[in-house]
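Chain naming follows the written order as A, B, C and D, and within any one chain the residues start at number 1.
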Amino acid sequence: MFEYMGKELFAKFGLPVPSGRMITNPEEAAAVAAEIGKPVVIKSQVLSGKRGKAGGIKFADTPEQAVAAAKEIFGMIIQGLPVERLLIEEKLKIDKELYMSITVDGAAKMPVLIASAHGGMDIEEVDEEFIIKQHIDPELGMHPFIARDVVRRMGIPLSGPHGKEIVKIIQTLYRIFKQKDAELVEINPLVFSDDKVIAADSKVTIDDDALFRQKDLPYVEERSATEKAAKDLGLSFVDLDGNIAVMANGAGITMGTLDTLQYYGGAAANFLDCGGGTGREATAEALKLLIAKNPKSMIINIFGGITRCDQVALAFKDIKESVGFPCPVVIRLVGTNQDLGREILAEVGVEAFDFMQDAAKKAVELAAQG
Amino acid sequence: MFEYMGKELFAKFGLPVPSGRMITNPEEAAAVAAEIGKPVVIKSQVLSGKRGKAGGIKFADTPEQAVAAAKEIFGMIIQGLPVERLLIEEKLKIDKELYMSITVDGAAKMPVLIASAHGGMDIEEVDEEFIIKQHIDPELGMHPFIARDVVRRMGIPLSGPHGKEIVKIIQTLYRIFKQKDAELVEINPLVFSDDKVIAADSKVTIDDDALFRQKDLPYVEERSATEKAAKDLGLSFVDLDGNIAVMANGAGITMGTLDTLQYYGGAAANFLDCGGGTGREATAEALKLLIAKNPKSMIINIFGGITRCDQVALAFKDIKESVGFPCPVVIRLVGTNQDLGREILAEVGVEAFDFMQDAAKKAVELAAQG
Amino acid sequence: MAIIIDENTNVLVMGMTGRQGTFHTKQMLDYGTKIVAGTSPGKGGAVVEGIPAYNSVREACANHKIDASVVFVPAAGTKDAALESIEAGVGVVVVVTEGVPVHDEIEMVAYAKRRGAIVLGPNTFGIVSSGKCKMGIPPNKYFVEGPVGVVARSGTLTYEIVGNLTANGLGQTTVVGMGGDRVVGTTFIDVLQMFEKDPLTKAVVLIGEIGGNAEETASEYIKTMSKPVVGYIAGKSAPPGKRMGHAGAIIERGKGTFQGKVEALTAAGAKVATLPFEVPGLIKEMLGM
Amino acid sequence: MAIIIDENTNVLVMGMTGRQGTFHTKQMLDYGTKIVAGTSPGKGGAVVEGIPAYNSVREACANHKIDASVVFVPAAGTKDAALESIEAGVGVVVVVTEGVPVHDEIEMVAYAKRRGAIVLGPNTFGIVSSGKCKMGIPPNKYFVEGPVGVVARSGTLTYEIVGNLTANGLGQTTVVGMGGDRVVGTTFIDVLQMFEKDPLTKAVVLIGEIGGNAEETASEYIKTMSKPVVGYIAGKSAPPGKRMGHAGAIIERGKGTFQGKVEALTAAGAKVATLPFEVPGLIKEMLGM
């Protein structure tokens, strides 16, 4: 989710955010800046941190300056991402910057609130002693006493306006985290501006698996076209930088295949987990995704459980006989209906490997030759 | 809360209720009946069950009949309560009547869902074997599986439209119960009307102690004027039928005082717990409430803990010297500042008792003489 | 010996800087209660009667060993305060505040159960282990050491009966107030079990009232007790459907009647006093004194 | 002996009448699993492979003794199904379903902890006590009895390694799938403790992957174990910030790296295999075979 979307969500739940608006074209900057009527900040909206260092954040005192700054930022590429939207906001008087987030701690199996009176930078760069981690018992939930104790540990007086406001912010942040199925809600920096406490930035990540019940949330596609096509097929695909295309069935064994290629000196072009029980047609579609990577060689590593070897072999045969493969393909095929699968492969003149390591070694050799 | 208010609340949470509207004057019945365009039912809105038996529910096929029926019901007194509002609703086709409620089980310290496939009558009259009681673990909350199991135990098929609808109704009812700080949410009867399941009646009781955070709810004063005046003073007052006015400090000892009066053959005119630490002025106001009961005698029973005997004595003196007491008053006064209190009483010629039973006996004798 | 609290119990007062908190901190100290700290969010650093106030229970726990806390926080914040004590690992939480929403009570009682904490109240006068420790609001003077355990729903009635006991030479091990609300953390049966195990408690007084079925449930346990029990039930003359001050004191739908409770207690072998002043005599009778 | 489940475990299949439920009911029966009942709300009375389906877990429990349940319910209803089993007192709940929202996982895992139930998954292949009982989806043929305990995050990689073990004459006591999601009910350390206590387990294989810190935490415990442990960590070549199929398999902010896990395991005295096929050799070496 882009910063401006996160802030809209924050505002809906009553969290204090700077006044401002998103624009998709530099000319709009003048109107927004005029509307705000104060010096503004112009922030590129990309799904990446380090925007400031990359020049993706600028200030302007007048609408004219705002347009000029907006023109500069539009068209920038920040960490590989083109800037297509800007957020123009009032420039805050910043007295102090804090850090505040809630995320899932897998080891503790519960949410964790992370807070620091030293915000504005990556939390990893803050000294451990200045970081407060407060796990939230999911059956107990968030209560004012927890928020108050966090504020106390941050060294902020509970009696003052900032302390009281942060107590409310913490509770609201947890409400957003829970109600919106977030994996992460982060405010960095959370700023003191005179008596006010304002979320100067927002980062919200929604759990993909919960999108079915969060249909009102804006959705930002963060995947590449190939990754998205795979997702639509029910597969898990990640683009990588090597030249050996990989398909395997299961996340662990796919990682293992990648590692084995690396062990033999090769590099995978992708991660493609075709899952369990994927049938002939989806497997064929998956193979097309591999071909589109234009690899030097290809490895198919199937240990059939629910996945049936004959279905994989048929998909291979379909592609070989229709589009064809632009590079050598190595197949390792064992498990459910192994014999049937190998018979089908034999029909198109392919012999399967028994062991993953042998197949991987061969794929690396072929890629080196290509 | 009146039936129509409960139904408005139900509707807001998405529970199915009959179409209809509340009226405060019989002439409105014609318009509402015409609007509904079907045979209607006209229901008196009073905070009491047994309306049907008292004639407070009538049916009408036409707007004219509706007005006639409304006129009959307006002005009725049902269990001592005058009818000032009617609810006019579509007359439902009733295929089956069920019972469904959620309340607080003090012994179990958690909410309990009570359901029966035999509704339409007082749940106390339904055979135990047809009543399903399902406690709700407050940390777990209500989940579909609980609702489904209740439906199964009611003997209603889960696969049919009624079963599925009741699963939803149970979850919604729990949501209302929790979010609205209810002590009781009850639907009796919950009716099957063709494929639909509709809440044909509603009873909702909100926890008085939670009204501070339930300000959007309609509030119906169920107390007598005296009870309300006492409540505003922070005291707890209940009207009773006897002729001895009672004030004591603490709910338990006030009950004990009532019981002791009864033991000696007397009857209390009221229950008045003036609580702990009530000061001179509030105590004087409380004494005025007792005077207003026009009793034959009066007993003040104070065992001072936080309550200071001198404050009670001063309040007594204030009233004696201003309004005066219309009947004999017996005072038992021990505990904090006992000596000081007795000195003040001596100034107005009153001697306090040491023991509650002696004071009670005396108050009964005096009432009998009055 | 005594149950739940004694002379070694380190006590925290929540809401210590408020009017009630301040007053009762002094009263409890006067009784001999070992109060070691208090809380008052935003007022950490304040000192009341020589006792330091902290911003949170955790902060107090970081500076003191806390065994029990007594809550004088207003009703809207009572749940939060009780949860805070339980979360910090405090084993006994005495909630004096009245007017706490019943849904809040359900929530705090459930959490206490999960964490193994004892909650007394809400709406309790508190608890006194006579001569050792007082948590709550009872007047100091009537509570003296002796062989009788007392457990009750309501305050002043308890003072009345404890006053009678003391006047008749019967001191108390511990006097426990469960609270007058419909949902409270600890009920008769829990306390009776503790009295049964306490070697110094020789007899038990159970002060009940109409409403609910805690007395009936307790009667089942009384059958198995080795120690004599004297009961008194308030509300004999109360009409059905009228709530007698306490949220729990109401006869609803024919349940929780005086008669039912007296019968259950009597059937369990307890003696039931008709009037409060009869309690000491019945205790002496059952103890053969 | 075996851990968690064995030949006497009475198994319930939740979502039994669905496509997956039906298929795997047959597979599990073929393996020898003692399936006694299934659930399918609204389809109570149906029979799948000779096994009766009920409308709810409670209804199933009223008719059968149920020790463990395996959940094949779609992701949107998985939390409800798991809670239903736990609430009914089922002690072991194996959640095969993938794509369960993480907040649902947190909720069910918390409730399981409170009720003392063991949850495997979500997103687990299941558990096999070789030759005795299989709950979940692994292919039947590779799992044979023997001295090695296996615990893993992911399925096919486990079959690969179990296949290697079996081919090398090393059968398994129990093979446990913890699930590939970020929040799962049971982690390495829980399972390692059970293997340490199981008399038939002579050595343990831990199949980890990048992301999280479960392997590092487990290493602390491995230091104290009497039994040899062989580890394999998948994801050496995965770049940071890219989620490798499993929700948990991601190197975030420099944490959960391959290197860190291998170092932790090695420091704890475990041997770490570079490639899956090396595992059996290392086991034999450590057992002195």
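Simple rule for what comes next: a contact is a pair of C-beta atoms (placed from the backbone, for glycine too) under 8 Å apart; a residue touches a chain by one contact, two chains touch by 3 or more.
Fair warning: this is a prediction, and the values are worked out from it, not measured in the lab.
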Min route length, chain touch network, chain C to chain D, equals 2
Quick note, more Cb pairs in contact for A-D or A-C? It is A-D
When centres are defined as mean Cα positions, the distance from chain B to chain C in whole Å is 27
In whole angstrom, the CA-centroid distance of chain A from chain C equals 54
Where chain C touches two or more other chains simultaneously, the residues are 111, 114
Flagged in chain B as touching 2+ other chains are 137, 139-140
Per the touch rule above, chain B residues touching chain C in the complex are 104, 106-107, 109-111, 122, 124, 137-139, 178, 181, 183, 207, 209-210, 212-213, 236, 238, 240-241, 248-256, 258-263, 267-268, 271, 273, 276, 303-306, 334-336, 355-357
Residue positions on chain B within touch of chain D in the complex are 137, 139-140, 143-146, 148-149, 152, 157-159, 163
Contacts from chain D onto chain A in the complex sit at residues 75-76, 99-107, 109-111, 113-114, 125, 137-139, 152-160, 163, 180, 182-185, 187, 207, 209-210, 212-214, 217, 232, 234-239, 242-249, 253-254, 274-277
Interface with chain B, chain D side, in the complex: residues 41-44, 55-59, 77, 80-81, 83-84, 87, 111, 114
